Structure formats: structure tokens, C-alpha cells
Amino acid sequence: MTVRMGVLGAGRIGQVHGSAIADVKGAELIAVAEPVEAAAKAMQAEHGCDIRTIDEIAASGDIDAVIICTPTDTHADLIEQFCRAGKAVFCEKPVDLDLARVKACLGVVAQTKGTLMVGFQRRFDPDFQALRAAIDEGAIGDVEMVTLTSRDPGAPPGDYIKRSGGIFRDMTIHDFDVARWMLGEEVETVMAAASVLTDPEIGRLGDYDSANVILRTASGRQATITNTRRATYGYDQRIEVHGSGGSASAHNHHTNRVEIADAHGFRRAPLQDFFMTRYRDAYAAEIAAFVHAVESGSVPPTTGDDGLRALALAEAAVKSVDEERVVRISEILG
Amino acid sequence: MTVRMGVLGAGRIGQVHGSAIADVKGAELIAVAEPVEAAAKAMQAEHGCDIRTIDEIAASGDIDAVIICTPTDTHADLIEQFCRAGKAVFCEKPVDLDLARVKACLGVVAQTKGTLMVGFQRRFDPDFQALRAAIDEGAIGDVEMVTLTSRDPGAPPGDYIKRSGGIFRDMTIHDFDVARWMLGEEVETVMAAASVLTDPEIGRLGDYDSANVILRTASGRQATITNTRRATYGYDQRIEVHGSGGSASAHNHHTNRVEIADAHGFRRAPLQDFFMTRYRDAYAAEIAAFVHAVESGSVPPTTGDDGLRALALAEAAVKSVDEERVVRISEILG
Amino acid sequence: MTVRMGVLGAGRIGQVHGSAIADVKGAELIAVAEPVEAAAKAMQAEHGCDIRTIDEIAASGDIDAVIICTPTDTHADLIEQFCRAGKAVFCEKPVDLDLARVKACLGVVAQTKGTLMVGFQRRFDPDFQALRAAIDEGAIGDVEMVTLTSRDPGAPPGDYIKRSGGIFRDMTIHDFDVARWMLGEEVETVMAAASVLTDPEIGRLGDYDSANVILRTASGRQATITNTRRATYGYDQRIEVHGSGGSASAHNHHTNRVEIADAHGFRRAPLQDFFMTRYRDAYAAEIAAFVHAVESGSVPPTTGDDGLRALALAEAAVKSVDEERVVRISEILG
Amino acid sequence: MTVRMGVLGAGRIGQVHGSAIADVKGAELIAVAEPVEAAAKAMQAEHGCDIRTIDEIAASGDIDAVIICTPTDTHADLIEQFCRAGKAVFCEKPVDLDLARVKACLGVVAQTKGTLMVGFQRRFDPDFQALRAAIDEGAIGDVEMVTLTSRDPGAPPGDYIKRSGGIFRDMTIHDFDVARWMLGEEVETVMAAASVLTDPEIGRLGDYDSANVILRTASGRQATITNTRRATYGYDQRIEVHGSGGSASAHNHHTNRVEIADAHGFRRAPLQDFFMTRYRDAYAAEIAAFVHAVESGSVPPTTGDDGLRALALAEAAVKSVDEERVVRISEILG
């Protein structure tokens, strides 16, 4: 069986998913919906797909599933529309910046018995999967402490930041998801600190660019997340999990494996530039997992509930910074 | 000039300092005071020094300076006694577990115009000094985020834990000092999380074995500290400082530099076993710095105030765990 | 313009090139020729290409270029046939195991003004290209000493070894090409040592499994090559170039970037299993370079002459082992 | 029992051994013999030893053993003199540059039943010992191929080179000894290549600065040695041993463990500057081993025969370069 797909939105991430579909066996890109004509045509030229409107795709008999890559504030509506239209839905995180809206949307998904996968591509990274597999095989015993380092090479434009929901909802949200995955137990409390260190403009927009978070589960497992919006040496993405029997670390990706030695020392290349390069294999594996779930009728590996819980952690972090105290997830999720 | 020294206490750390004195030019070990006869004689045999009582050392005309390696609850009294006796004093951390007692003791030091150096040996580690020097040379621009990883190979005995003042005052205190050194700015707020994960006995003693801390300065610089009492792979001691222009990391010390490759992968040796091995060079450099301060009449590189401030951070961490909130250092130090 | 291609031979390496063509923009796989029906049909199913005979491909008006992936003893004949048919030719190394036959074949290429690229995929590996680029940018000054480590995970079957021309012509030939590329100057003398250490059967077949070679240029630059047919930890492929100003090294590819620390030490994953995984990107870049040469009418980056010279070095190595002396390339190439 | 020692020669290496004696329990430096008065007095000041003539030391009843650190052309005579005087002798390599003279000297050692240890300090390096121990424990199965990389930071002065016996006898000799140690089987054949690449003056003095050697044992084990007299990044000292079950490598020593990441990449410190720093621990362990052999009356771990065999390999390498052929050790040693 081939899963016939539509992509909603042909921006940067829409193109990433378009290419991922082309690489996945059993998936075919049928149509793209995109208001910017040049972007739509570029996608058509590259993948030989149709250009249709969103409503046309929802009504298309030759489309089984859609990838939602439109702006965040359209996600929840589109998820509902396509679940009602009987299409399987893959949606880029977040479902919505507002937790109540997310809950309502997931209600519609449940009601329509829809298939919804939320895009947390890091779970599909081959290195992170190898790390998780090592833990599952008992290589480090019981998980105790998780340390996540996640630094962007540079901040997004001010316009993006304004609509982003802030660093915790926009950037840390991926780390929250990875922390949940690695902790293997739900988070109970959150505490966070945040600063503006790289660009005062970010502060004027009401956001932060540098943050640290401590998560704690009921049994006392802990995770720390350190984030900054600026790393001069590339896109810094590290995971370390410490357990009763040892530690497991996933190291960074350099742009090549050459090392130069001279009178100044030994020099390796900077890290890969950003997520589209760093997680190229992860994006392909993520779409393959979605296609597999659609084909087999199974629950996708990252669900609406995962999206909800990561957002709740972001909400708790914001509250912790504002109120300078430990915040319980139960305060957020009820 | 030779600085003639006495060592008070010939336990594990007393022996470390005895050997350090032997390695430092310009220092000579004259006498040791130690109630356990065997320990005192071992020191005498190794270094050819006298055995005297503490009071005899205080009264000795041939002793310029002492190294206090006795139990913690004697430190403050001994500092006062020896400052009054006109001897320069090096005291292992902490001055006392009680902040008020520390302040009173430092008052006596000031009043007697005494020389007091508090033992934070990590500041004298060659790698950490190279890291700090790189920062001072501008290699990473302005310091923004400090990440300290510090894991002991195993927990101390219950008896030790009972008298230790708890993980923050006993173990994290070294990281608090390093964080201050690396941040280059005083800490304003502290938040901390703590768990019992490695041994329930530690919990029964009212202590924790796993902790994370976030420190924040007035300008928004942050430091995180992650501590555990058990690392199966050795003594884990890492520093990473992230700045506006880059990052600097000090890596761990393995027991050797051999790597074995076979069908299971590539294997390097575990880390050095504990602080006496890992910081052997640091202890020697620390004593050399003390000797230099005594010789030159200059202020020692780590003072009583450094001891006080690190202890205040520990106090704040305890309070943060207890009250589940951000604690200001001003609440502690007034 | 699209370069329309035929693949001759659908064995292991033919499939690699088929997939590479699919990944290269401006290239299209039109037909495959392969006597084993199942293999031909698999290629057709994967890439939607025709199945034709070799002669049909030679006569096809809709084919511009061919990739020769047939057994070695057919290479020279096919190169001649396709050059005469006016097709651009990419041929897997070697052109032939017999140097005279290679020379004759290259004569036909020249006479027909044909385009011939010989497959030395390592030159297209991104890491090795980064290393070569660093040298070109002056990062290590003048090249002095090249060190190549090249170890297969396991020996090929006896049947393969019989027809392979021996380790120097079959395995070291890639290192000879890389050595020429890195030395930047033609080799003048060769000395080699060879042993049977991994499997006596290899010795019974008249071949070796372990070899070391020293190459020397007129100006005194040297290269060493160390080869074995068995590395338990995967496919070992390293280059180090030492120059007047420094050294540049290209490190191995592990199967992932996870490191596990426990009481036995720190463990990373084995290396990638073999050339089809290790050089996947290189194969794609190699075909892209061929397509570019065909499109632009330029000389391919690795020519018949490169194939001839690498084979001459292999010939000299064999002679050096047999006669236990330094062999001049002029003895081989005249 | 304390081994009472004399040091002959207070130059650079004499000072290294003087300090080593001070660090070794059970050894005491009684006297130094050194014609340069300032050097002798410096040694006396540092270690509190007597200054005596060589003949006085030979006649001293309070001296059990001597360390010969005088110029090479005096070694053989002094070994004979002190063996006849009944002192245990440690002599820096080589015993002599002339093989016949070495043999004659070893004859005297045998005749007098003297104890002679020849200084190959690398065998006592903790990393190399860990590597050898891993092999002995079966970590890599049977040894097959040894790869030694040994590069000096810079060439010695012309005057030194003139008297050195050439790069193979002066520099490679250490690698010859390590190769023998790692191969675990005597070398049967030698082939070598040598060039002048770093400084034409070295060529004018009749020496080389860049060399590669291949050693082969009777069973087919091989070792390669790559040497240069100039490495801009420090003193490069690496060993890799490849076996039937895996590979073991000893990595280089950097001056510290700090890594700086910025827009240009990741940078570690250069290597330690030269042998006195790199092998500091090895020199101490070497003297401790000598002292142990003297105390216990056992055969020292590196004997006159080891010195002879390393020199024979150097001789063979010279002959191989001169005659452009494989040289059998039996041609040299008879």
C-alpha cells in the first residue's frame, strides 16, 4: 500500500517534509497547498505534485494523510478539519500555544477517532534512538539524571519571536519532549530561570534568550535543560543520561571529521549549522514512522498527548520564572 | 625564605597536604599534630617531621604557618587560636557549617590581621586554570552560562554524612566556589532540587544524593550544577563555560590514554578514582600558592570570604529545596 | 540537460550506482543490462528503468553514458566498445589487471576522443575532500609524509580472491590513488612487505592479507599504507597528512555518536561496516562529478591515467615483495 | 635497603635522572660527577649530594649503582669500568654507535657478572604499559601489525646531529625498541626510506629528517615506524597495535584538557613539548625499576641485549636506505 500525502504549507519545514516523503518508501506526495505561488511551484517542480487549496486537499479522494506545516495559529483548526475529513494528520509542534485550545482540539481528534502525530523529530534521530535503546537494554541501569544541552546558532527574527510563544514554548519544547522520553516517567515539578544575554531586543519583545530548567519526577529523577539562542560554533545538541549503572551521552555532529594540528593546537570543524541539516535523517525517519502508523492503523509514536504534555511543561517553566518558585504540573494540567 | 609549617590532623587530607608541602620549594614541614599515634608516626616517618600537640605548635617559634586538616567542628576555633598566635592559616573548607560561626571567626581573623586561606583546591587545577585563562584572554567573549558536572564515585559512610552538613554544604560547596570563579560576578539567586536515588539510607539520614542547582547573577548570567554521589565510571569533574563568542570545556581525566577497539566498539579507561588522584597537582599548587602568599605577605587567592560565600550558596540551596522557591543570597547574607 | 544513463551489471556495486544516479540531479537511469534476471528486475522495480542487453545499450539513441559494473575481465573490452559507440564511460576500477591491456584500452579511449572516468570513490568522500581542501588552503604547509590506514572488516570469499589480482591490485589500489592525491607529486619508488596472518587459505591462494607499503616521490615526500583484511571493529579508513606547518587527519566513521560509561570504562560504537555504508555519500558525489563532466564536456576528475598509475603502483608493490627490494615506477611504466 | 647512587654527567638527562632518584623510595643520590662546575653545583644544591670525579665514584664504598648520562662515546668505557668496580650500571642508550664495540662491552658485562640496564624509558610509560598489559590480557588477540608514530617538535643542533650516528641510531632507536616490545617476536627483516624535508642543513650533515621503516618478523608480523624531526604541534608519540581480535592505541598527551569552541571550530591545546615533559613519569618509573633490580638482584627489564638489538635494527635501516633493499638482521648480527 502507498500512503498518498498532501503537504499544507511549503515554507522551510514544508520543504523538509516534502523531501522526506520522497525518501520514504510507501509514501507519495500528491499535492501541496501554499498561498505563495513561487513556493508552491518550487515544490511542484521538485516533486511533481499537484497544487491544490487546503479545502481541495481535504476533499480529495486520492489523499490519505496530510502534513501540516502552516503557521502555528492555524494548526488546531486544520487538525480538526482534516480529522473530520477522515485524513490522517501529522502536525508540526505545537498544536497551539494555548493549552485550552490544544485540549479542545485533542477532544475533536478523539471524537473523530482521528490519527494525529505531533512532530518531535528528535525522537527519530538515529543517535538519540541508539542512546534510548542502550538505556532500554540496561546499559546504564535505572535512569537518575538527564542533562540536555540545546543551543541554537542564532536567534530567529523579531517577527518570529513575537508569534513564537516565547523561548520555552518555541525552543525548549523539544527538550521537554526529549526529557520526558529519556526520564521514562512523567514530570511532577518544574523550576526555571531565564535571562536576556545575547540581544536586548529579545528582552524588549518580552522574551528570553538564555534559560535553564530543572524537571523532577515523582520518584525523584531529575532532568536539566540548558538553552541559549546563540552558539557561535554551530547547532549544539547533546543528551546525557546518568543512571545507577553508568552514563550514556550522545555527542554533537561536526560538519566533517577532519582535525588539523598546528602550533596553535588541534582544531576540528564547527558543528552542523542548524536543525534542517542536523536532523535531516530524523525528519525522514519521522515521516517513515507516520507512514507506517497510517499504513498499519497503529498509534503514532508521538501523539497529541505528547504535544500537550510538552506544552504544559513550557507553561510551567514560564510560571516558574514569573513567580520564582517550583511549579507543579498538576497546577497546569489539573 | 623558607615557610616552616605545621599540619594539624594526619588523616587522609592531612597526608595529601603533607606530601604537597614536600613538593613545594620554599616550604618545610616542621611538625604534625595528630591524636592517633600511628597516623602521627607515619607522617613523621615519611617526612621526617616532629610530632607535637596543637598547643605546642601554636607556641612554636619555628613554625610560621599551619594547615588545618582536623574535623570540621574544630576549624573555627583553631583558625582563631592560630591567628591569635600569629601564624598564617590554611584551613580545609568549610570554616564551619554554621554561617554565624563563620562570620564570627572571620571577624577574629580581621581583628588579628591574620592570613587565612580556605582550601578550594579546584581553583588550582591546571586544566581549570587553563580554562579560566582562556576566558580572561577573551577566547569565548562575555561569560553567559556555566555548566558544572560533579559526580563522586560513591557516597561516603553514614557517619560522615551525619556530620557533613548535607550534600550542598559538603559536596556542592566546591562547585559553588568554581561557579563563582567562572561566573566572574556574585550570585544573586539560587534554586535547587534534590533527591535520594542511590541509597535510601542517605535519605534516612536526612540527606540527598542527587541534586541540581541553578544560580543566577544580577546581570542574568547563570550556572547549573549537577551532582550525584555515585558514578560507576569514576570521579566525574567537568566544567563548561558558554559565552558570547564561544564555549570552553575542561574534560575529564581518564586513568590512561589507551583505547581498545573490538567487535563491541571502542573502549577507553574509566576516570581517575577520586579527588586525591584527580586533584593531586591541584593540591600541590594550592599549597604553593599559600606558601607564596605567606612569603610575600599578599592576600591568599582563596580567602575566608570565599569560604563564607560558598557556604551561603549552600545554605540558600537547602532553603530552596525546603521551601520550593527561588532564594536570594541577600536573605542568607543579609 | 539531463544525462541519460545505462548501468552495465546489477550486482552490489551496480545497485550502489543505480541509487546514486537516482540521487543526482541532471541524471536519469534509462536502462540496466544484467544477465541474472532477478537482479535486473530488482533494479527495474526500484528505479523504473528498462532492461536491455549490453549491445542494445551501446546502440541506444536515448543513452548518453554508461556505468560499467561488470566483472573486471570485461572492463577493457566494454570501455572500448562504448567509447567507439560514442557513449561517455564511467568504469569501476580497475580497467584491467594487466598493465599492457590497460595501456591498449586507454589508447582506444584517446583515439576515439572518448570520455572515461575511473571509479576511485574515496576522492569524493566529503571528509577526505575537506582534508584535501585544508591542505590546498595551506593549513599544514608543504606536504611531507602521508599515512594511510585501510583495513577491511573481513576478507572476501576465496573465489573473489582468485580473480582479484591480489591484495595490492584489489585493495591497496584505492590507497595508492589516495596517496597520489594527497602527495601532490608522482611516486618514484615503492617498497612493500606482505604477510598471511588472518587466514592460511588466503596464502594457499597465493595472496596476502596484511601489507605495508612505503612510497617515495622525487622530492622525498613519503607515504605509508597499512592494510589488513580483518578488523573486528569495522571498516577502518583513516588518512593523516603531515606537513611543514602541521598535520591533518580524517577520522573514522562510527555507526553512531553515543558513548556509554560504566565501571569498565567509556565505550563508543564500532565503525560502519563496509564501503557501501562508509562511502555512500562519496558514491553519490562521484556520479554527480561524472554527470557534470559529461554535461560540461570537461575532463573527469579521475581519469584512465589515474587508473593506470594506481595499477602501476600495485604492480611495483608486488615486485617489491617478490624481489625484496625498492622498485622504481619507471621499471613498470617505462 | 637503600640503593646508594652516583650520577655521571649532569646535563639535561642527568638532571632528569637526578630528580627521578629523589622521587624513588629506596634510592638515594650520593654523588654526581660532572666536569662543568656550575652544572655539578646545581645538582648538589638541588639534591644535597657530593661532587666527586668519575674515578672517585668508581672507588667509593658508599655507592652501589651509577647512572651514566655522559656523552655517547664514553658509554662503553664507563660501563666496563663500573662493572669491573662492582657497581650496578644504568646507561642511557646507546651503549655505543658501533655494533662491534657494543658486543665487546657486553662481553665485559657478562664476564664481570655485572648488572646493566639500558635506558629505554618508553617501556616505563604508564600508557604504553597499560597498552602492553591489555595485549597480554588478550584484549586484541594475536598481535599482527604495529604502527608507531614518533615525531620530534624540532631537530637538534647540527653539532648534536654530527655526533648522533644519524636519525635511525639517534631517534628511531626508541621506536625500534618499542616495536620489539610490542611485536613480541624478534624482527627478521628491515626496509626503510629516508628523506631530507625539514632542513637542507641536515642533509649537508649526511643525515635525514624524515623516515619510514617496515619491520617484519619470522611469522609475518609487521611494524611500521614513521619519524620526522619537526612537528609544529608538539611531541607526537603514538602507538597502535592491531591484532586478530581488535586494535589498541595509546593517544598523545596534550598540554591540558581544555577545548575551546568558536566560529572557527573546536580547538584543543598542542601536545606536550618534548620528551622530558612527556616521559617524566616514565623516567621515574624506569629508575624505580632499576633500583628494584639492584635491590632484588634480578635482571633489569631492559638489558644490554635490548640495546644491542635496537642498534642492529638501526644499522639495518641505514643499510636498507643505502642499498635500496630489504636487509636481514642476520646480516647485521651474524
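Chains: A, B, C and D, in written order; residue numbering restarts at 1 for each.
Basically, a contact is a pair of C-beta atoms (placed from the backbone, for glycine too) under 8 Å apart; a residue touches a chain by one contact, two chains touch by 3 or more.
Fair warning: this is a prediction, and the values are worked out from it, not measured in the lab.
S.K.: Just tell me the minimum hop count from chain A to chain D, counting one hop per pair of touching chains.
M.R.: Minimum step count, chain A to chain D: 1.
S.K.: With contacts defined as at the top, give the pair, B-C or A-C, that has more of them.
M.R.: Output for the comparison: A-C.
S.K.: Taking mean CA positions as centres, which chain lies farthest from chain C?
M.R.: Farthest from chain C by mean C-alpha position: B.
S.K.: Distance from the CA centroid of chain A to that of chain C, rounded to the nearest Å?
M.R.: Averaging C-alpha atoms per chain gives centres 40 Å apart.
S.K.: Per the centroid of Cα atoms for each chain, what is the distance between chain B and chain C, given in Å?
M.R.: Using C-alpha averages as centres, the distance is 58 Å.
S.K.: Which residues does chain B have that touch at least 2 chains other than itself?
M.R.: 231-233, 245-247, 261-263, 269
S.K.: Spell out the part of chain B that touches chain A in their complex, as residue ranges.
M.R.: Per the touch definition, chain B meets chain A at residues 142, 144-145, 147, 149, 151, 189, 191, 193, 195-198, 210, 212, 214, 216, 220-222, 224, 226, 228, 230-233, 236, 242, 244-247, 324-326.
S.K.: Hey, which residues of chain D end up touching chain B in the complex?
M.R.: 126-127, 130-131, 134, 139-140, 245-253, 255-263, 269
S.K.: Which of the residues in chain A come into contact with chain D in the complex?
M.R.: 231-233, 254, 261-270
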